[in-house]
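The structures come next, written out as structure tokens.
Next, two complexes with subunit A in common: one pairs it with subunit B, the other with subunit C.
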Partner chain A sequence: MFLINCPYCGERDQQEFKAGGEAHIERPKQPTELSDDEWAEYLFMRKNIKGVQFERWNHAHGCRKWFNMARDTSNDEIKAIYKMGEKPPTQ
Partner chain B sequence: MLNYKTATNEEINYNGIVVKEISPTMKLNLRGKKREFFTNIGKNLNMLLPTEANTSTISDKFTAIWLSPDEWMIVTNDEVKKDTNEYQLNEILFNDISKSSLGAIIDVTDQFVQLEIIGKNIYEIFSAGSPFNFSEFKDKKGSSVQTILNHIDVIVHNKGDQIVNLFVRRSFAQHLWSWINDSASRL
Partner chain C sequence: MTQNLRVKSSEFIDETNRISFKFDGKTYYGFKGDTLASALIANNIHLVGRSFKYHRPRGIMTSGSEEPNAIVQVNPNSNITEPNARATEIEIYEGLEASSQNCWPSVNFDIGGINNFLAPLFPAGFYYKTFMWPKSFWEKYEFFIRHSAGLGKSPNTRDPDIYDHRNIHCDVLVVGAGISGILAAKNAAKNNFKTLLLDEKNELGGSTIFEANEDNKINHNSASEWLKKEINELKNIKNLEIKTRTSVAAYHQYNYLLARENLTDHLVKKDKKNKIRQRLLKIRAKKVILATGALERPLIFNNNDRPGIMLSSAIKKYSNFYGVACGTKNIFFTNNDSAYESALSLHNKGIKVEAIIDIRENSDAKIIKKINDAGIKIYWAHTIVDTRGYKRLSGVSIMKLSNDGTSVTGSKISISCDCLGIAGGWTPAVHLYTQSGSKLTFDENRKIFIPKTDTKEQISVGSCGGDFELDEIITNLNYKLKNFLNINKTDFEGITLENDHETSKRNIWLLPSDQTIGKTKPFVDYQNDATAKDIKLALREGFRSIEHVKRYTTTGMGTDQGKLGNMHALGIIADTAGVKMGELGTTTFRPPYTPLTFGTIVGRNVGEFFDTFRRTPMNDWHIKNKAEFENVGQWKRSWYYPKEDETMHQAVQRESKAARQSAGILDASTLGKIDIQGSDASEFLNRVYTNAWSKLAIGKCRYGLMLNEDGMVYDDGVTTRLGENHYIMTTTTGGAANVLGKLEDYLQTEWPELDVYLTSVTDHFATASLCGPNSKKILNKIIPDLDLSDDNFPHMSFKEVLIDKIKCRIMRISFTGELSYEINAPASYGEAIWQKCIEAGKEFNITPYGTETMHLLRAEKGFIIVGQDTDGTMTPIDLQMDWIVSKKKYDFIGKRSLYRSDTMKEDRKQLVGLLTEDPNIVLEEGAQIVSELNQKPVEMLGHVTSSYFSPNLNKSIALAVVKDGKSMMGRKLFIPMENKNISVTVSNTVFYDEKNERLNA
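Moving on, here comes the complex of A and B:
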């Protein structure tokens, strides 16, 4: 159990949130020009690294807003929280 | 249209905790971001929508509860008359806001059940089933929060003087009622 600082509501328990996977994945501008492998790479392949990862989270049981989080996957330490559309913080 | 079927018929009264359903009250969900949306709402309701997170504003007729940066819930302070099937405000706001694409007005009167909980041990019950820290909330009249209570999504509004209004989805109301009843009996 850990606390997440929602950029809109303030500090809340993790139970109120849903993880939404890796952040900052850009949809290819011309999907029809991609090979099947390149399309599969965009659609399915995720980094899942041990260390700081940029993720999308949703305050599902609160304000229902999406936001981004930089989280260390090895110890669940939250390095930064920033709103959708903002650039990820430099490490 | 208002649904006059109450979710619960009884009243909980245990160990200084009194719980009863407040029905029927009009509840509207408002969504909007534009400047015109705020001026229009202000003009029609004669009140300002709260912009600070987890707060509410109150006028003589309505309470506006903050739900998210672009979402609010308007609740009537008094029960509406049972012989009135339509609430005029809903129609006015729908025409002024939804139809002119300034925002969205949704009638959630039937969706939410409003429970009034009175007593000094309210937060003892809440802390047994909710991960939210109520320590600041309980001292601040007018504060509101959307959180989980016994795994059920609820909106809690502190009316002050040990009175709390709780809004729960109708389909979950009976279950939450039973849980509060059970919890209150064990205080």
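Moving on, here comes the complex of A and C:
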């Protein structure tokens, strides 16, 4: 059970949060211009890596804000937490 | 029966408090402080169970939670009996009843014992190998396998006990209250850390507290006496909370631990009453100190499982702590010095020790001299090659070990005994450490896995960290504590320490016998009856990974999770395969460390507290009017209102007719309501719904369909424009929270530039939906001032009105196809407004109806229910709702997906109507649909999603999703059921009032 430092509320138990999948996948601005393959890439393809992964999290039972997290999937170490719109930290 | 094996009064046992208990139906006596195991041994009972596979007689082996054999059924004659309890952990109380498991008719005469003689027929993987052929026989085999599977019997009524959860936040958590844990906790608390100390036993002090080794001294005192003083001082320390009988079950990331606190299991029945039985502690600790100690290893030799064969350390605990001798003629078998301490303990209490068999060539420890002085014979470099005695050990045969330890030489010596203590060394209890995600390293010299790293948040101290001797333990503890707690000094720094040192080591994972291995039974996992032979067989058959060998042989898969034998299994694999143990790795130690009851896990969340439920403001009225309820999401919704002895079908038929012929009223308060405000509210709706919203006039309502980005229908509902920048959206009852979450997600992450604010107002409004041709007249009675003409208040529009000075929103919208008004009142006035409608409707025989009638009425009109007629694979096109998908809008959620090759296929499953050939047959929802009856295998074209008997049409109607359904209008299909085939015809989805004339009736 993680201890997550919500950028708006501070440290809270993982129970209060909802994971939202891979971060930094922007919704295409002009979907109709995309081929089926390009749209499928956006819609379905997600990374599942061993190592540091960038993820979206939502403080669902708290402030309801979305934010980003850099998490090492091999040991669940949370490397960084940053707000939506901010750039991912460089390692 | 006399307590003929009590040897000496012990300070931990209250001999003035005699307790009677029953085991296998017979009454015995023990004392306050005894465990079931110590009390049974005091009564000279070792045989307590039968093994899982071979039904071999098994006795008490250990004195703690690692016990593999002595697992018993508690309260066997009760409906709430508990299986698989460890006799070594059950504290006896007056009235305790327990019985043996896995034996029939009794533990002394067990029919299943025949398996022992059939053992050659049950090799590793027996089930996999035997029951595969012929395939069609599986069902017959299954019956017998199920019959013989499992240990113990489960309770068959609801657990009447109370369980609880508690959250604890502390600075320092210390797990284990042996000498290391006590010193660590004391120093943490003294340095102002809020400290929690947990131990699974009922007494603090671990193994040091009952130690009687005169060579172990602290400040020139015996170590046990010194520790007792330390324990006494704990009482006066602030910041320290101590919990005994509390076993840590799991250690998760970020120092989150779960522990089970046992509160009443040791109490007599009347003291248990109305008390919490167990509490699950959910602990978040800033720092964790693991002081979980070490588990003694057995030795693996031929027939090492007979009742009377025990761990050497357990024999010491029974004699020193419980004052009980485990046998009258004892032998010890060892590869290290610790067995000599146990032997000396017994000897000093006048219990006969016949001999010590040591696989080592010699030892120069001081204690050896004492053993020699005591006249106890030591057989150096010998091993046990066999044991005798079926239900109780009667003797052993020993032979000299060859130099390389792989074979035996010389002549066989036979020694008789009734108790054998085995000492195979110590395994650090690293279970919790590895659960936390930390890694182990293998110490080749000492043959143990030890923690690789200490971190800022976690250290392992004492024997779980690989320190076994007193001076080593205390010195390392002092050093580690100072670093970990960042303190200058501990209060035990500088104490003088004296102890013996072990210098001679010899480790043989599988001890040889004079017989070939095929003829021996060297048990590695006692509970699952896995032998060294099975492991070797698995390797011969090609298994290499330790995880595979474990599963194939079931080694380490019992309730004890291989606490005793796992290291030997690894060692035997390494030796046989010729690899290093460090390279082999270990199997995964999974939580819980000891089993938890379900009661503890769920705590208070049982029965009506299992999940929160929500009731509408009109709930009391529904109850008064005998409504039956159904669960919709977390809501309790009125399902139907039976009159007198009406069946559900009769009630629904009556309600449905009344709503169409005169007037009905439905509690629609549960629909999700989201208040949307902001200058970009219209643009926002344009992006989330499939249809266009910019031109919706203020005061008008519109139905909207929401998709997922994959083009599949996600939710639907009517949204009303209350003002220029103000909308109220309704969602499905079950979807409300998810819809709000999804909309927030888009607003925050994809479209942060939009000026839109979302607020959930579901609970703020109660909704009474008036429906039927007379609903206008009823509403007119309630609000005479309001012009209800179609010109002033047309279908799909909204008015804000005052009813008795209460501000209400009225939407003229319809989910039934009838003229219909939804009155939204502030929640606290919900019941009053509802009551008012009922009063006003009396002269029109207004009929309250529930969700079932609502479903029926909407099905007559072909209106979908998201989640019933859709399942996350239906596009609006599949639902024949093309009309609601805007062609003009450039984009909305899911739009692009509607043009994917897959979603544009003509023959997708599509929503259609079904009419049965016999209008009285009502189809089953979920029933499969086929076009051919005699074809094998037959293609399933789809399934029935909604099905009712329509009283207004006087025939059965159904909605279904059918492959290529749109092109099948008028075609005959079949619904094959268990006893009959039902013929149906594909029809339009709208069965009633196709021209929508009734909306303005």
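The definition used in the following text is that the second predicted complex is superposed on the first by the 91 of 91 C-alpha atoms of A that agree within 3 Å, B and C clash if a C-alpha of one lies under 4 Å from a C-alpha of the other, contacts with A are read in each partner's own complex, and residues count from 1 in each chain.
The rule we apply is simple: a residue touches a chain if its C-beta (ideal position, glycine included) is under 8 Å from a C-beta of that chain, and two chains touch if they have at least 3 such contacts.
What you see is a predicted model, and the numbers here were worked out from it, not measured in a lab.
Of the two partner chains, neither subunit B nor subunit C is touched by A:51.
Of the two partner chains placed around the shared chain by superposition, subunit C is the only one that A:36 touches, whereas subunit B remains out of contact.
When the two complexes are overlaid on their common chain A, residue A:64 makes contact with subunit B and with subunit C alike. After overlaying the two complexes on the shared chain, residue contacts for A:27 are found with subunit C alone; subunit B is out of touch. When the two structures are aligned on the shared chain, A:13 is found in touch with subunit B and with subunit C.
By the touch criterion stated above, A:2 is placed in contact with subunit C alone, subunit B being left untouched. Comparing subunit B with subunit C, more residues of subunit A are touched by C. By the touch criterion defined above, A:76 reaches subunit C but does not reach subunit B. When the two complexes are overlaid on their common chain A, residue A:89 makes contact with neither subunit B nor subunit C.
Residues 1, 13, 64-65 of subunit A lie in contact with subunit B in one complex and with subunit C in the other. Against subunit C, the residues of subunit A that register as touching in their complex are 1-3, 13, 18, 20, 26-28, 30-32, 34, 36, 39-40, 43, 56, 58, 60, 64-66, 75-76, 84-85. If you check the complex, the residues on subunit B that touch subunit A are 53-54, 67-69, 71, 131-133, 145-148, 153.
The touching residues of subunit C, when paired with subunit A in their complex, are 252-256, 284, 437, 709-710, 741, 744-745, 748-750, 752, 890-891, 895-897, 899-901.
On the subunit A side of its complex with subunit B, the touching residues are 1, 8-13, 15-16, 61-65.
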